Amino acid sequence: MLSKGTKDTLPQEWQELAQAAIEASKRAYVPYSNFQVGAALLDSTGNIHFGCNVENGAYSPSNCAERTALFRAIADGHKARSFKAIAVTGDTAEPITPCGVCRQVLSELCEPHMPVLLTNLKGDWQLTNMVELLPGAFSLIDERNMENT
Amino acid sequence: MLSKGTKDTLPQEWQELAQAAIEASKRAYVPYSNFQVGAALLDSTGNIHFGCNVENGAYSPSNCAERTALFRAIADGHKARSFKAIAVTGDTAEPITPCGVCRQVLSELCEPHMPVLLTNLKGDWQLTNMVELLPGAFSLIDERNMENT
Amino acid sequence: MLSKGTKDTLPQEWQELAQAAIEASKRAYVPYSNFQVGAALLDSTGNIHFGCNVENGAYSPSNCAERTALFRAIADGHKARSFKAIAVTGDTAEPITPCGVCRQVLSELCEPHMPVLLTNLKGDWQLTNMVELLPGAFSLIDERNMENT
Amino acid sequence: MLSKGTKDTLPQEWQELAQAAIEASKRAYVPYSNFQVGAALLDSTGNIHFGCNVENGAYSPSNCAERTALFRAIADGHKARSFKAIAVTGDTAEPITPCGVCRQVLSELCEPHMPVLLTNLKGDWQLTNMVELLPGAFSLIDERNMENT
């Protein structure tokens, strides 16, 4: 973990993105878990993309906040691995941690060292990245390059 | 199927949404299939939400265009089952058809009779809805209501 | 729907498979929904493969009973589209209906007219197939063949 | 990583499980990626459960080898977190690494320190576990316990 802290010590440059993640979480569609999660993704032009979790009665088609933010930014024309930062939040005891599916998607669409801020509604925070969150990530691109060389 | 036709017969009221779906498809992230799909979702205020497919090297975390459009609209504060219409397009011989995962998500987040326009890049089209696309759809909400009565 | 009925009218040839689905449902791992589903898949050699739903706290990695049965049969060396029948059951008011994800997987791995028996714990049943459950199913194989011709 | 090596140094106690993973990989249904993956899961009674990847034209309903092995073992009546070890293999340059979805499922269904053997067809191997593969894993069970205390 790169660094961590409580509400009073969140670096100034993260405050807008962390607040955006909280706002996004309020829009979650969570009739099954009642567990609201929000994400806010910063693109290379300085704009913020909101994401929330959207559940489904069949469970497996459910989507998490991080993925919603990433997919929508791609649909707005942003390129994979052009993003600058993401913040995620939820009502957890410790800073929320992304599920493995989201880690796989973050790993595909973001640079390995892009900063990832994990927070909770109390303001506890932890700064990390994909190298830490998905060590030795699977990448079909890497495998296919390998097979070609 | 409610109705169908070719490029020349697409009803006027669908032309903007169908064109938006084509624009959205150009933003697809499809390094594995090279199969671009676009969707355009009309909300209750008249705004259009773009969606494209976003693939992943691990395959199962991939997301389709229809879901991208729906998830982002929820994250923008729109309510489930408030949407007015969706158009989907791709480079297929016949009007493209949604995968089962998207049908399940559409079934959860849209009214059963909301119009769904399926098209292809040649302009062939088919107008349908979720009653036709996912007959007897699974709904946990229905089951839980049942258990309570 | 090909036919339907109640417990007393289930055709003799389906009784073993329907009972196997009930047995399979008891093995479900469902700490989040408490909603047990079972499936029983008949292969071309007459053997039955059990499946149950297996949930995950992150929701989207959850797997349904139908898919468990199909995936395991493939892992035992059975070929896609070699299966003879599947029965699915759960504690629902009407015969249970597969989610869209399972319909997509059934559509990939089974012949369109392979019989699918939907039941519930009371013994109500409905006989159907993939033509009815996923009309105009999406198939990348079809699209790729199309592009090659 | 707990330890690693090449074909000649694979510990004796892992050889049967590693070979079973190779056998399982040959049964993969991979018409889209042509990338065969196999897994072999050891249960508490000493039996081995085979898993392979099973792809889908819609990509997101695809299932990986590790998940196939785990889901089928649950459907055979084995309890979550009762498993002893898993081996995974594929034709990769380095020992194959599980995708994030599989890490999430492994994290739900296996003890954090259960040994996970990653290999490739050349016999390179790496011994790890879920503490290493999914640091700070998301768990809804943990969150719900937290809310109750």
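A, B, C and D label the chains in the order they appear, each numbered from 1.
Criterion: a residue touches a chain if its C-beta (ideal position, glycine included) is under 8 Å from a C-beta of that chain, and two chains touch if they have at least 3 such contacts.
Here the structure is a predicted model, which is why all the values come from computation and not from measurement.
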item: Option reproducing the contacts of C-D, where over half of them reappear, out of A-C, A-D or A-B; value: A-B
item: Rounded Å distance between chain B and chain C, as computed from the means of their C-alpha atoms; value: 25
item: Between chain D and chain B, distance of the C-alpha-averaged centres to the nearest whole Å; value: 34
item: Chain D, residues touching no fewer than two other chains; value: 32-33, 56-58, 60-61, 63, 99-101, 104-105, 138, 140, 143
item: Category of the chain touch graph - line, ring, star, complete, other; value: complete
item: Residue numbers on chain C that touch chain D, as the complex places them; value: 24, 27, 29, 31-32, 50-52, 54, 56-58, 60-61, 63, 65, 67-72, 74-77, 80, 101, 104-105, 108-109, 138-141, 143
item: For the chain C and chain A complex, residues of the former touching the latter; value: 32-33, 55-64, 99-101
item: Complex contacts: residues of chain A adjacent to chain D; value: 33, 35, 92-93, 96-105, 107, 132-138, 140, 143, 146
